[in-house]
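Take a look at the structure set out below.
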């Protein structure tokens, strides 16, 4: 049974990642390659605050959200005026720099050795110490995040982001502060990405930089594209699909060594095929055109 | 809408023909069912206000814009679905509005791009022919085209098109931005090429007077459709003859 | 679509829109150069409220550049622009738009994947729901406000004749309908000045009728309307005043029949 | 008593200084050799990007494929080196052509956005690299076992392969630049870079030029990959760093130019050597991508490129 709960925990984590990324990519139309960096910053910030400052899980998480949101401005403010592939490249650069820092700032992050023994989160004094409990815990948090993101997306705020995505010049001509709104959306999405980071750290009880690489950013993009960008159902379906696919391969009795590559090949081919025939993904509404 | 009546002055053979063309950009409809014939060896001037669809028509004929409906014919064969470069190989040449060149290639290289279909040995000779037309280009032989003045660039672009020795020539404002004297020379050159080589020309020109003087026939477009034509273009030079196309129903407004 | 209620529509933001005649936009000695080419060359013009002013001239005369300068998408090299006495050159486009200068682009620029209704609703100014914090914390207030906006948007859609299509995606509308939609959008944005770049181009003739009457009505309601237009029939029909531009300069202005009858204008236009 | 001691201390200092300067020379030389390799990859990438504007991430996978194809012929099948390399490069070029035919050309015909092409390219990268990893495994493979012969040039030591890398790049790169200037194909490629529409109007079949560009660019990536693999071996993930350096080299050298990426690659690799010298190899990536962001923000036209007019961006 634990196996099932484990998978659902991972789905919960990726749902928050995908929905927050959707705010940037699907709603605002900004293809960013550094969402995993924010995910990682969130994980490390929460962990370090819990372990070094001795804070509880929730205060650490809140601080991590704020920190991630603020740090995202470093890349967002200057690079949002870049267009198309230049913006993608700038965020790629940021992703790699963040990874390098996590990897090399050994005195703070222990670098490649990672941080073991992360404390188990407590809710009202109760330790979330079984997989099932963690599933409930992450489910409630994912539900809460989804609710918040849903409120954002169904609000005039979400609507004006979509308008910017469709035509930012027209949006500016209607009096919308395009750069301000873009930066806001970017920072909110980054802040939300800290949540799955904290959940991941608390669940694994060990983190190292390899969970927050460029390929993880690409994985998040793949979720959005396969499920579909620009609405609510697409990212959720995408997250479930991407987490379940390797498990499905396992059930087909494909050896683990091959299955790992095979699922990546499937993601890759799906990306190509969807871009060719259905750029808005399976359930999405926006196709990066 | 009135269909184009075609009484071609020079010859009965059709060099270029479009049939019931509808075309535009995105959802914006520019050509609204336009039909037109140009006889072989004929110079036809297209007249009409901005936005009438003259440039769009040339783009469709050249193959840069796919029409929504209708067909394009060159020397009796349909070319509606042909890619641009195949139309060029069939003898169509197109001078793009504004005189586009390759800015980072030198003048010489630009001309060589125009002369690509000649065997290498013949290129220089062909290019010399064009240079005699625009001596200023010779002076800038090794300069990057992006550094040329507007007029020189225009001349270079025209030289590249003329190098193609086309059967049908589409000219979109070839004299724009040129000094009046040079503009006149260029149009005279077009007429000369037409007379000596029998090139068919479809001409869009801001300088309506010059265009009408050089053309065998003139066609007026208004709002994406055929409005009128004449076998005596000079007759349209009379004061007020073109008002209907350019200024519409003046009298009604003046009366009110 | 009679002459219903544009004034009524505007009452709720009456403070912002002063519906009196007089000069609203004033351009003084504007110059804009693109790498040696003077696109706008020492242009001084004024546009008045309650009138339709047409800006005509050959391609490349600098008309669209002038619009870009007024709406802030380009900065003038020299010269000043005033809107109701306030200097606006140098401000970012969205600030200028917020002050009430609306702009319709040559290509329609609708928000394709948004419904017609959303295209209009997104345009309203001062939506507290555009603040992400408020949409979460003060959801009820935002929702109430949203109801008002929805009603207003529906009335605006009715005003431009698109009520039945409010749920259609903007990209599925015809070109003419999209233009009507963008005008509704400008009304929602509280525009007081309408800079319309070739509003009738590419629109089918039947739709041109309703567009023109709409434009006319905007002027009657006291808006400042400026159109760039190539179709002289249209100019004769709707313009109160005409500026003729050629090679970056205003070379003639006056009543439509005066300008179109002007010898120099005919030469520049016809090339005869 | 103290004199000899002082002398030896002095000598030690001098030795240390010599060592230090020797190391600098060696590092600079290594930077230059790497520059040679990455200039080839960057040139191939630039060839494709400048003419098609496709951000060809799959270039990295094609790079990897080049090395592994060579591995198959050379090690698995035991053929001789020239044959193996030529065959590998031919197949790499073919892979580039297939990429254009099957992935990019259909998108181009549909008029898809460049972001869509970029995402397709990303998909292709992932699929290809993982296919290679599935077939060959993730561990490092070598093309040639044993120790290489070395050459000494003053303080600098180069292995025979490194020497070959320098020679190849120093012959190929000027030759390619010359071919771009002098041949019809070169002119067509530069014309396509300048103005695709006019190129078509000049009667050039741009689709064929694009295929040619993909073939040539991929073959260059292949050459670079094989040369690198001969030196330090390969694993399925060598393509990504190569691609990233090529892309950064193009941006800092100047998008739209062909000399730019070459200069960019050399600058970048030498800078990396200096970072190793003064800071640490571990911060190399941070410096590289910091430089990328700096250029994107403050000099997007790169060292050699021309600034696009602001007004062009508006329309």
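Letters A, B, C and D mark the chains as written, and numbering starts fresh at 1 in each.
Methods note: contacts are C-beta pairs under 8 Å (C-beta built on N, C-alpha and C of every residue); 3 or more make two chains touch, one makes a residue touch a chain.
Since this is a predicted model, take the numbers as computed values, not measurements.
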Per Cα centroids, the chain farthest from chain B: A
Leader among chain pairs (count of C-beta contacts): A-D
Whole-Å gap between the CA centroids of chain A and chain B: 55
Mean-CA-position distance for chain C and chain A (Å): 41
Centre distance in Å when chain B and chain D are each reduced to the mean of their C-alpha atoms: 45
Averaged-CA centre spacing for the pair chain D and chain A, given as whole angstrom: 31
Per-residue multi-chain contacts in chain D, two or more chains: 314
Two or more partner chains touched - positions in chain B: none
Chain C residues counted as touching two or more neighbouring chains: 73
Chain B residues within the chain C interface of the complex: 24-30, 32, 49-51, 150, 205-211, 223, 237, 242, 246-250, 252-254
Contact set on chain D toward chain A in their complex: 55, 103, 106-107, 112-120, 122-131, 133-134, 240, 244, 247, 251, 280, 282-283, 285-286, 289-290, 292-293, 296-297, 300, 313-314
Chain C - residues contacting chain A, complex: 71, 73, 92-95, 97-98, 102-103, 105, 109-114, 118-119, 121-123, 125, 127, 129-132, 135-136, 139, 142, 146, 149, 182, 185-186, 189
Parts of chain D lying in touch with chain B, wherever the complex brings them together: 184, 187-188, 190-191, 193-195, 197-207, 256
Parts of chain A lying in touch with chain D, wherever the complex brings them together: 31, 75, 78-79, 82-86, 88-90, 92-94, 96-97, 99-101, 103-104, 169, 214, 218, 221-222, 225, 258, 261-262, 264-265, 267-272, 275-276, 279, 287-289
